[in-house]
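Next up: some structures, all given as structure tokens.
Same chain, two partners: chain A is paired with chain B first, then with chain C.
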Partner chain A sequence: MILKPPPIVLACLLATLLVPAALLLGLLSGSSGWGWPNADILWLIRVPRVLAAFGTGAALALSGALIQLVTRNPLGDPHVLGVTSGASVGALLALLLLPAGFWLGPEVGAMLGALASMTLVFSLAWRSMGRGLAPSAQPGTVAVLLVGVMVGAACGAAVSFMLAVANDFQLRNIVFWLLGDLNGASVWWPVWLAVAVSFAMAWPRAQELDWLARGDAWAWTLGVPVARRRRIAILAACIATGVAVATAGSIGFVGLVAPHVVRLTGLRNARLLLPFSALFGGVFLVLADTVARTIISPAQLPVGVISAAVGVPLFLMLLLRRRA
Partner chain B sequence: MIVHKLLILAGVIVMTPAQALSVKDDAGHTLDLPHPATRIISLAPSLTEMLYAAGGGDKMVGAVEYSDFPPAALKVQRIGSNQKLDLERIATLKPDLVLVWYHGNALREVERLGALGIPMFYLEPHTIGDIPGALERIGQLVGSEKVAQDAAQGFRARHAALRAQYSGRPSIKVFYQITAQPLLTINDKQIISDVIRLCGGVNVFGNEPMLVPQLSTESVVSRDPDVIMAAHVGSGQDRARRDPEAANVKSWSVFTSMKAVRTGQIWLVPGDEISRHGPRILDAAQAVCTALDSARAATGAVK
Partner chain C sequence: MTKSLPLRLENIALRAGAKPDGRLLCSGLDIAIAPGERWVLLGPNGAGKSTLLMSLAGLIQPDAGSIVLGDLPLPAWRSEALARTRAWCPQFWLDPFPVSAWETVACAIIATRPELESERVQQIAREWLTQLDAGHLADADVRTLSGGERQRVALATACAQDAPLLLLDEPTSHLDWSHQAVLQALLKRWSQDGGTVLAAVHDLNLAWTFATHALLLDGRGGAIWGKREEVLTADALASAYGVPVNIIEDGASRWFRVELEG
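Right after this comes the complex of A and B.
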């Protein structure tokens, strides 16, 4: 136990250093050059975009960490619950059905879509989420994952259908939702609020999530209300993901990798894993977006390209070094 | 060698019956037809417009979605959309000429048509100046050279008149927005940039390497254009009232550090006319030139 502190201390130091550094770097760089820009560019473009990037990264990473914990699946990420695809369907429906130019139509649509797919997953998997103590029953974690994947597949088909019937003008807007882009993110605060809410839902009982990750029977003997804990954690993950997609479209990769990177640095228990995953996800997406909007400026790349190009080698390096 | 081949080719043309023809397309292929085409399918709205302008409209048996000009084209049977062609329907219409928008249509599907032995003619005008030549070649293929030549001459004369009137005016910086989300513009190789140039404007992203670059909002603000321009959906001026692009392009007005915003130079131009590489592009050019002239007056470039 005495040997435990170092990774925490190191992580705290890194976080207090990296978070302001990343935010500052994001604010000081842009396609119009390095340094302090004029007031218009700073307040109307860079500040909202950097804040939206940080919030989105934090929300996706937090949600990924929660899902990995309660489903006991290292491949868990916000996409597996079908929430991302549900949000895409909602956004696209809003684009197709509302009069074009409707203010925040797609954003609200994404929120409603996330909520709908979430309700669907919950109502289908509600009972099995508490199951798993009896050896004959199908474990609750598997049921949630399967239902999530099925809802995701249904949403994927719905997206394909809408792509087929959309006209040219709608098509270009749709692509934005499918690729993810922070340039269009003008409203940054809802995603911060979502991170705060879902953190408040999950973190106070983080210890119990750890026990849950070891197995339902283990957690149950320690007095954890297995079903309730799992439902609350998944609800928290869904809220964070839904708002993140509504803010910036569907951005992959951060939710899967951020919790793993944090775990590989030695912060394995949920009380630390959750906040540091969120911080790492935020920093990571701010940096990736900064590169995406400056590297071929004035043109820009989709942020997913950068996050994968930097994240995959980083992740593999950490993983292999640990093995050695 | 090449001269030799050309001489032989010329000989062939002279010696075969007067009806047979051989015309070169924009993909570099030479299309040989035994007689002028009588059953024609157009795979782009702009090509439909060109076919009508070249005098072959009455021979059209199939048209791609959005072929809505001239109004007569609305009655022609649809054969799918630009990217999703109904190959079976095209085959049953037994066309003897298909006009293809080179790089605009899904080439994989178009190649399947080629495998069916249907004669195809690829067109892709890059500049305004390419359009009359395309009209004349379509005229040859459908046997209405006279109508096509008249149309081409009229087009050239109008183009020259616009150039004489506007291209020498004081230059003015223009940002042209294709869509707001994603934020797209065009470089100088695109025909819209040619329209802007014709009117004495300078495309602020003209030197970008990509034909349709995706931009960050910041890059537009920092280039500080004199005029912001976008196309509204549809054609003519009548639809501007409830137009999606109207709201999109107005969203620039929060950036008061931009000259275009301070002087109120945010313009919508007719969408179908400017984005189709067809004969009506000069109507769009007239609208753009008028807009840029008002902008010059407003920004004080012209006393």
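Right after this comes the complex of A and C.
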């Protein structure tokens, strides 16, 4: 199959058009109907929510792209590898144990939870983090996935346990984590900060991640400090995922699909893949959230429902059309 | 291409899996490899050919002894400088994501010559693919290539790294006859330009026509090395492979045939 060169100009053009369009659409529609809302609704409700949605989508997509590259696994995703579950546990622990209103408690808790689960996954499944390289076989790609699913299951059990012991007030907060909902997202900027930090960590050396995806040993012979690159990328992914989960609960799917959609358009290099995945994830989640809070208004759906309902067919369609 | 540096193996011992409790693959390898030489690594499956190539690439530490490239032992080399000095072409390739053949080759060019402009990188990548008769595959997705086509892309990648010392792990395992000839001719030019080639191969006839020197591992810890005439003898081969090898001498050249009973 012949691969087309990446349509960089077109992609930039589309991004500059789609990002403001999606943000505007999100601002103009709400449970009170279509149109320009009054200033209080706009600034206190719509703007933070749309910004939180964009940042969350961008964070999950960026994290998904990074995890796919460093595990060289097209199935890599913060959700699949148990990172979001770990982040949920961390955020919930922070909610339950810290005094109410503790500044950025859930965010930091989620980030630590994400880091803990990811460290666990990699130390169990991937012994060759250092210079001891296993060049021939595919080191740990299947093992990482299996261990990730297991760690995710364990974290799920931990969440269920906390659900059982929590009091009524805490329960409402917990359910919001589980559903993956932007309804409770009142603070929008931590996730933008997390995206910026994570992007700044990963992007300057993104090219080397591309080489890493083609084998540790080969990348090492090209002069790439393999273990360090991978650790930095994983740390960046954990920061982005953790804060995204703290902002909007565990929303699956965006992290898996966004990098694949971007790749299918021809933007395959990690240097292009990372920023455009983030943009696509942001736009996607803003649109999904807009639908989620208007489709059965005045009631609201959790955004995870819409992102899966739209994302799964979209992804399958792209995949099957490419095969044909 | 810059001229290759002399490579010295000083009393090398290797163990399977590079683990101290692994099976002993070979010991006491004391070999000097000069620029312009073409070496073949021979031996039965699991004899340690790949392990030796990986330790020469600096990927694993030998169990004993040291490998000296130029004036420095391998661990003392900076990895960026090493990338411009030796290229390693593994036996297996991972292609988890769609990528075109020329972009794969471009990785090696960007890694060793980051100062080049992207058009120039693409041009060099396509030239190397053409050299290996894979120019028509430059824009194809590497995951859709056949085994031999993928191998030619891999070999083009190794050559494009522009490192004079080539460490090729079974470079002809998937190649048809015509492309084996293309590769042989290319590697001969490579060594005449001052490069050094070490290749693990299984085909004795190919080894004879290609190499100037040979290293034969017997898989039981023993090894012999030297000029190809001294190593590729019926006794040595039969002892290493465990099957009788018949050599037909034809002037200065030799033909190898494995004699089976019945």
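Criterion: the second predicted complex is superposed on the first by the 257 of 324 C-alpha atoms of A that agree within 3 Å, B and C clash if a C-alpha of one lies under 4 Å from a C-alpha of the other, contacts with A are read in each partner's own complex, and residues count from 1 in each chain.
In this text, contacts are C-beta pairs under 8 Å (C-beta built on N, C-alpha and C of every residue); 3 or more make two chains touch, one makes a residue touch a chain.
No experiment lies behind these values; they were computed from the predicted model shown.
Asks: Once chain A of both complexes is superposed, is A:F176 in touch with chain B (first), chain C (second), both, or neither?
Replies: first
Asks: Could you look at A:P298 and tell me whether it touches chain B, chain C, both or neither (first, second, both, neither)?
Replies: After superposing on A, A:P298 lies in contact with chain B but is clear of chain C.
Asks: Kindly classify A:N73 by the partners it touches after superposition: chain B alone (first), chain C alone (second), both, or neither?
Replies: After superposition on chain A, A:N73 lies in contact with chain C alone.
Asks: Quick check on the superposed pair: does A:S63 touch chain B, chain C, both, or neither? Answer first, second, both or neither.
Replies: neither
Asks: Per the contact definition in the header, classify A:A39: touching chain B only (first), chain C only (second), both, or neither.
Replies: After superposition on chain A, A:A39 lies in contact with chain B alone.
Asks: Considering only the touch criterion stated at the top, classify A:W218 as touching first (chain B), second (chain C), both, or neither.
Replies: second
Asks: With the two structures laid over each other on chain A, which partner does A:S117 touch: chain B (first), chain C (second), both, or neither?
Replies: So A:S117 meets neither chain B nor chain C here.
Asks: Kindly list the residues of chain A that each of chain B and chain C touches, one partner per complex.
Replies: none
Asks: Which stretch or stretches of chain A touch chain B in the complex?
Replies: Within the complex, chain A touches chain B at residues 30-33, 37-41, 44-46, 99-101, 103, 164, 168-169, 172-173, 175-176, 181, 183-184, 293, 297-300.
Asks: Contact residues on chain A for chain C in the complex?
Replies: Touch list, chain A to chain C: 1-3, 68, 72-74, 132-133, 135-138, 141, 207, 210-211, 213-215, 217-218, 220-225, 263, 268-269.
Asks: Spell out the residues on chain B that touch chain A in their complex, using ranges where they run on.
Replies: 66, 82, 84, 179-184, 205, 208, 210, 213-223, 233, 242-248, 254-258
Asks: Which stretch or stretches of chain C touch chain A in the complex?
Replies: By the definition above, chain C touches chain A via 18, 50, 54, 57-60, 79-80, 82-83, 86-88, 90-100, 103-104, 107-108, 110-112, 139-141, 144, 161.
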